[in-house]
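You will see subunit A twice below: alongside subunit B first, and alongside subunit C after that.
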Partner chain A sequence: MDYSQFMIMHHELGLLVVFLLVFLFDTFFSKNLQSKLSVTACVLFGIYTLACFFLPLKSGEAFSGMYATSPIVMSIKNILNVGMFIVLLQSVKWNNSAAQIVRRGEFIELMLLTLFGMFLMVSARHFLVFIIGLETASLPLAALVAFDKKEYESHEAAVKYIFTAVFSSAIYMLGLSFVYAMSGSLYFGDIATRVVGAEGSFLLYVALAFVIAGIGFKISMVPFHLWTADVYQGAPTSVTSYLSVVSKGAGAFAALIILTQVFGSVYSQVWEWMLFILIVLTITVGNLFAIRQNNLKRFLAFSSISQAGYIMLGVVADASVGAAALSYYVLVYIFSNLAAFGVIQAVENATGKVEISDYNGLYKTNPKLSFTMMLAMFSLGGIPPFAGFFSKFFIFSAALEQGSVAMYVLVFIALLNTIVSLYYYLLVVKAMFITPNDNPIERIKSHWSERAGMVVCVAGIILVGLVSVIYTFLNHAADASQMF
Partner chain B sequence: MELTVLYYLIPSLIMFGCGVYGFITRKNLIAILISLELMLNSVDINFVVFNRFLFPGQMEGMFFTLFAIAIAAAETALAIAIIINIFRVVKNVDVENLTKMKY
Partner chain C sequence: MFNILFLFVIIPVLTLGALFLTRNIKQVRAVAATGASLLLIAALYLCYAFVTERAVEPDAAMLFVDKYMWFEPLNIHLAVGVDGISVLMILLSAIIVFTGTFASWTVQPLTKEYFLWFILLSTGVFGFFISIDLFTMFMFYEVALIPMYLLIGVWGSGNKNYAAMKLTLMLMGGSALLLIGILGIYYHAGETMNILEIVKNGVDPGWQNALFVLTFVGFGVLGAMFPFHTWSPDGHASAPTAVSMLHAGVLMKLGGYGCFRVAIYLMPQAANELGWIFMILTGVSVVYGAFAACVKTDLKYINAYSSVSHCGLVLFAILMLNQTAMSGAVLQMLSHGLMTALFFALIGMIYGRTHTRDVREMGGLMQIMPFLSVGYIIAGLASLGLPGLSGFVAEMTIFLGSFESSPVYNAVLGDGNLFRHAFAIVTTASIVITAVYILRVVGKLLFGPVQNEHHRQLDDAHWYERFSTITLMLAIAVIGCFPDLANGILRDSFGPIVEHIMAYAQ
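Let's turn to the complex of A and B:
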């Protein structure tokens, strides 16, 4: 066996090294040093994230084509790394709290493992590797959702998450078994060449419906979204922020790879209209339910459902510009959503309050936190000149690139929904700045790590949209990747 | 009598249907977990049968099944651990008690 092919897995190997270092630190270092564990993990992961940016972008495969990498895949891995780094940074304070101290190491290790699974998902070119990556990503997440052992909600959320996750992967694997029956192979490339003739076949419709349903569960598309709000509300806030950005971004990119590389030839006959219906439902239902929420974490859960619909516009675009727009959207979404979750976490750690009505008059006492939250809401809603506007613009124009009437209708519906979403995003801003309140949340002195996380996010929200090099870079990476 | 693909596929699909039905209707968390196992196992049967009858020259489906069994075992272990936690908190494993978070 040629061991040099391992060298192509830079991201995975680096992540494993970080994981092992954290594990050794956690296992062998003395009690006094243990309190530095979260910070050490942050620093190690930060160095690794930075180092990954300097890797040369190139394509290649390993393990006889089961694993492949390309410039756009490496870019999305870098983007996920950034999200993971911010999540780790924001979790430092919570991870050092008294209840968390005995399982501080496990938290970071499980987080790193799920990221490893997501990298495998994104890089897989064989369904066995993909399934292993998918499970490596979702099983530790279930354990993480149950991490608040004292909170009843955490357990309820975990049981809902694990059951829907297993149910969805069972459905997904049933679809895969039909794909296997049709093509006799689990390699993406082999399947792609063998399903071409099967355009009218009923089996193909069933298989694709199951595969899309399985992925839809992971990225919480309507009607497979029922677990989302409960899990987001019950899970520890660090885990919620991780679920809502990194997990969703990886799932959406994996969906893009599977649908275009394996089923790209049956695009217009089979899955274009399936995704069309799902996206319309996802954006609309997510928006409508977000309006009536009062708990901020639930509110962001429904907002993230509707954002998943926008992200999937990049998949339905079925072109390399779609892949670039999707990666860019995920990057912007990471910054905007993590800024919002950073504020929620800072307030929750200090006071335990998570209702929107608790935020009434927050501006009077905590102007900086309110400002960060406002920027996050503006960016999520897509108000220029913040990054959210540009990401929506690029993903809409990528979907329009297809040129069909259906895409114009889809983008029009998405645009209408953007207006609805502005209403509820601005409700939060209104609560913080306008609604009078006699006794607002007292002045909060947030931990340095939380502040650092928020500064990174705010910088991202403002700069990612204005620095046009980023999108150009992603576009070149997608063009160079030969995915289509 | 010769056994064809259908003799294996129909039971496996019935198994899958039973799993889905049980997942939706059962009230006990353990029973739901058993239904999930039924679904996962029926998928395994599917893979093995397709491999054996349609593509006898290769082993891809068999290997997939081996990995799928291991993954199912891991999932069960984790789900059981979470159910035990639930039991410690609410003293039973009935889904009707898990309704604090809704809508």
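Let's turn to the complex of A and C:
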């Protein structure tokens, strides 16, 4: 047997090695050394992430075409790795806290497992592999959401999460069964050729609706978003930040692959308008609800719902450009959102406060934290010269590339929504810099890991946009990928 | 060879970096003043270099052109280049940043942060004027907008939260229109963002009307075009002194410049078809702004509405689509920028002493602070167009241009001349209204009886205040007495542009 095909799976294999090392460390090393577990995991994962950057990007298939990879798929895996690395880094302090001491190994192991599932999701070219990836990515997350064992909200969030995850998988699989009924295969390529000509069939409509609904749950598009706010609020902040960036990014990329590769041929007739309506709803509803939130985690939950809408603009765009713009958006979103969560986590760990009104006058006592938060908000709101501006610009331009008037309308609605979103992002900035407060949060001495995470994020926010190489690189990767 | 234009981004960025390292208020002031002075010197040198270079290349559309690939997939370059219009705008910005720095000498608290945002704002302004690539132009445009929120929110006065949010959201709304307009231009002019290349390729005629409206309204919001002007009075009234100066003096010019450079220059056919609609709106701005200024009693509101009126005149003149009126528009931008900066500087200084901006609560300031009062009179006279000061030159040129006959708008309106002349008469009449509100304030504020006995103890201007106001007054007088200096820079810039536009006017 030719084993060389496994080498194209270096992301997955490397991740498994990291997982095994962490697992062995956790199981067999002495109690003393175990206090270094979080740091060790960070270092191992960091080395793995770096190594992946240096490995060549290429296309290839394994397992008789069930698994496939290409330069852009490898790039999105690298991007997800970066997100995972920052999340791990930011969680070091929390993971070393007293309540976590008996289960910090599990935290890291479960995180790594879900990432493995996400890699399978974006690389799957057969729906069975995809389902395995989806479940591997979803079920451990439910355990992670419930990780604050003594917090009531954490349990409630976990129950909500597991129910919606299972429910959405069920709907998704029902949709798949219809697809199977029409095409007689679960290979992406086979389905793509066999559903041609079935554009008008009712079964296809229902199947697509179910498939989109299933993905919609994963990336919390409206109207499948109802779990998001409660889960984000209840889950430990590290898990929330992971859910909001890495999980969402992987889901969006998987959606791109499934919709363009499997149903690309019936795009304009069937799913273009479905997605049109969903994107408009997602961006608008997310924005309008975000305005009224006081809890920062809920606030970011709704903001992340509307961001999901922007990410999905990359899916309706022309495939290759859309894939590049989407990956770039995810990368920028990772840095921006994790910077915000980094600040939230630092403040929460030190004082337990998460309300926006607690942040009033924060600049006086914690200028650096406020500055980081402000950069994050500006980047999320799309203000130049920060990365968020570039990612928004590119995703809009990708969506307009095909030039239909419907796309202009869609981008126009999205742009109007950026103004609404700017309003609530500025509310946070206003709280920190403008609103007077006699008793602001006292000076916080943040842990080195939190600081390191924030430095990485701030550097990303400033550099990823201005340094044009990254976007150019992603574009070439997307062009070089045969899948589109 | 090193392109001098990059200095206008490098100097502010270096100043920002140096500001980060400062430790006390003295260092902050020193760094800010050095940066602003360097910018002014660079701008003056640019004028000289430009005139020299122009003598060598009288036909080039842009000089000092340079471009570096930035985002290759979208064909985005860091492209710079200037013609006479942008050179004058850069000079104006440099003067106002320079005087604004001295006008905010005593800003408290958080002086360092104040200057950080102030310099970031000026980076955006300069970057906008040197760019000839739509993407970088748009990027710098937004860089200039966002610091306003914090500058007004933190250091402003009055109803500042409301004003700051309103200003930011309205301007961002404008830039949303602009963004979609720019992307539309990109996809319908051969996938390029470079202005010179777009002019060469031409924008798809079927899309010109839509894109013209999007970009004109987008920039028009910043140019305070009726009915999108409502952010301006509130914003100016709440902003700290130097920010009002920079905002009314320079930022609103970004709007006028953008309307001209992007909307009209790139979509000449649509400008000929739809320009008259905007001419009605800008005509309303001119008259409405003047009337509104008459009934306000807050000094800053009076000047904010007067700015709406004057900036309306800029857009109005641009829409005449002929060379005389357009050079008048540029002179008006220059003149209004200097004069309104002087106004806001003086108002800030008066407010800093009397703690009121209500005209009714002040009087007889001539006896108390003669220097500031004389400055106010000079600004006022420039505003109502007294010969010898900059306002006269600008308005005279605009009205001369408005009465020139040309085939513009004939295709749509039948008799374009009649329409343009009718509106020119209406806007000319607004000068009388300008005289009403200027003289009313001057009479009441400076020469009336002293309203509040406490005011008698107030002192006159300090050295840094004198320094900044004298610089502005000198600039106003120089342009008023030697308009040829400005015209010399402008001379060859309009020929090709107007030719390009008139080709579609039949």
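Here is the rule we use: the second predicted complex is superposed on the first by the 479 of 484 C-alpha atoms of A that agree within 3 Å, B and C clash if a C-alpha of one lies under 4 Å from a C-alpha of the other, contacts with A are read in each partner's own complex, and residues count from 1 in each chain.
Going forward, a contact is a pair of C-beta atoms (placed from the backbone, for glycine too) under 8 Å apart; a residue touches a chain by one contact, two chains touch by 3 or more.
Predicted model, so just to flag it, every value in this text is computed and none were measured.
Visitor: Would you sort A:167 into first (subunit B), second (subunit C), both or neither based on which partner it touches?
Guide: Touch partner of A:167: subunit B, not subunit C.
Visitor: Classify the contacts of A:448 with the two partner chains as first (subunit B alone), second (subunit C alone), both, or neither.
Guide: neither
Visitor: Please indicate which partner A:472 is in contact with in the superposed arrangement: first for subunit B, second for subunit C, both, or neither.
Guide: Second partner only.
Visitor: Who contacts more of subunit A, subunit B or subunit C?
Guide: B
Visitor: Looking at A:396 after the superposition, I want to know if it touches subunit B, subunit C, both of them or none. Which is it: first, second, both, neither?
Guide: Second partner only.
Visitor: Have a look at where A:180 lands relative to subunit B and subunit C in the superposition and call it first, second, both or neither.
Guide: After superposing on A, A:180 lies in contact with subunit B but is clear of subunit C.
Visitor: Write out the stretch or stretches of subunit B touching subunit A in their complex.
Guide: Its residues touching subunit A are 16, 19, 23, 29, 32-33, 36, 39-40, 42-43, 46-47, 50-51, 54-55, 58, 60-61, 63-64, 67-68, 71, 74-75, 78-79, 81-83, 85-86, 89-90, 98, 100-103.
Visitor: Where on subunit C is subunit A touching in the complex?
Guide: Listed in rising order, the residues of subunit C that touch subunit A are 70-74, 76, 135, 139-140, 142-143, 146, 149-150, 153-154, 161, 165, 168-169, 172-173, 176-177, 179-180, 183-184, 186-187.
Visitor: What does subunit A use to touch subunit C in their complex?
Guide: Per the touch definition, subunit A meets subunit C at residues 321, 324, 378, 383-385, 389, 393-394, 396-397, 400-401, 403, 408, 411-412, 415-416, 418-419, 422-423, 426, 429-430, 433-434, 468, 471-472, 475.
Visitor: For subunit A, which residues count as touching subunit B in their complex?
Guide: Listed in rising order, the residues of subunit A that touch subunit B are 127-128, 131-132, 135, 139, 142-143, 146, 149, 152-153, 155-160, 162-163, 165-167, 169-171, 173-174, 176-178, 180-181, 184-186, 229-230, 233-234, 289.
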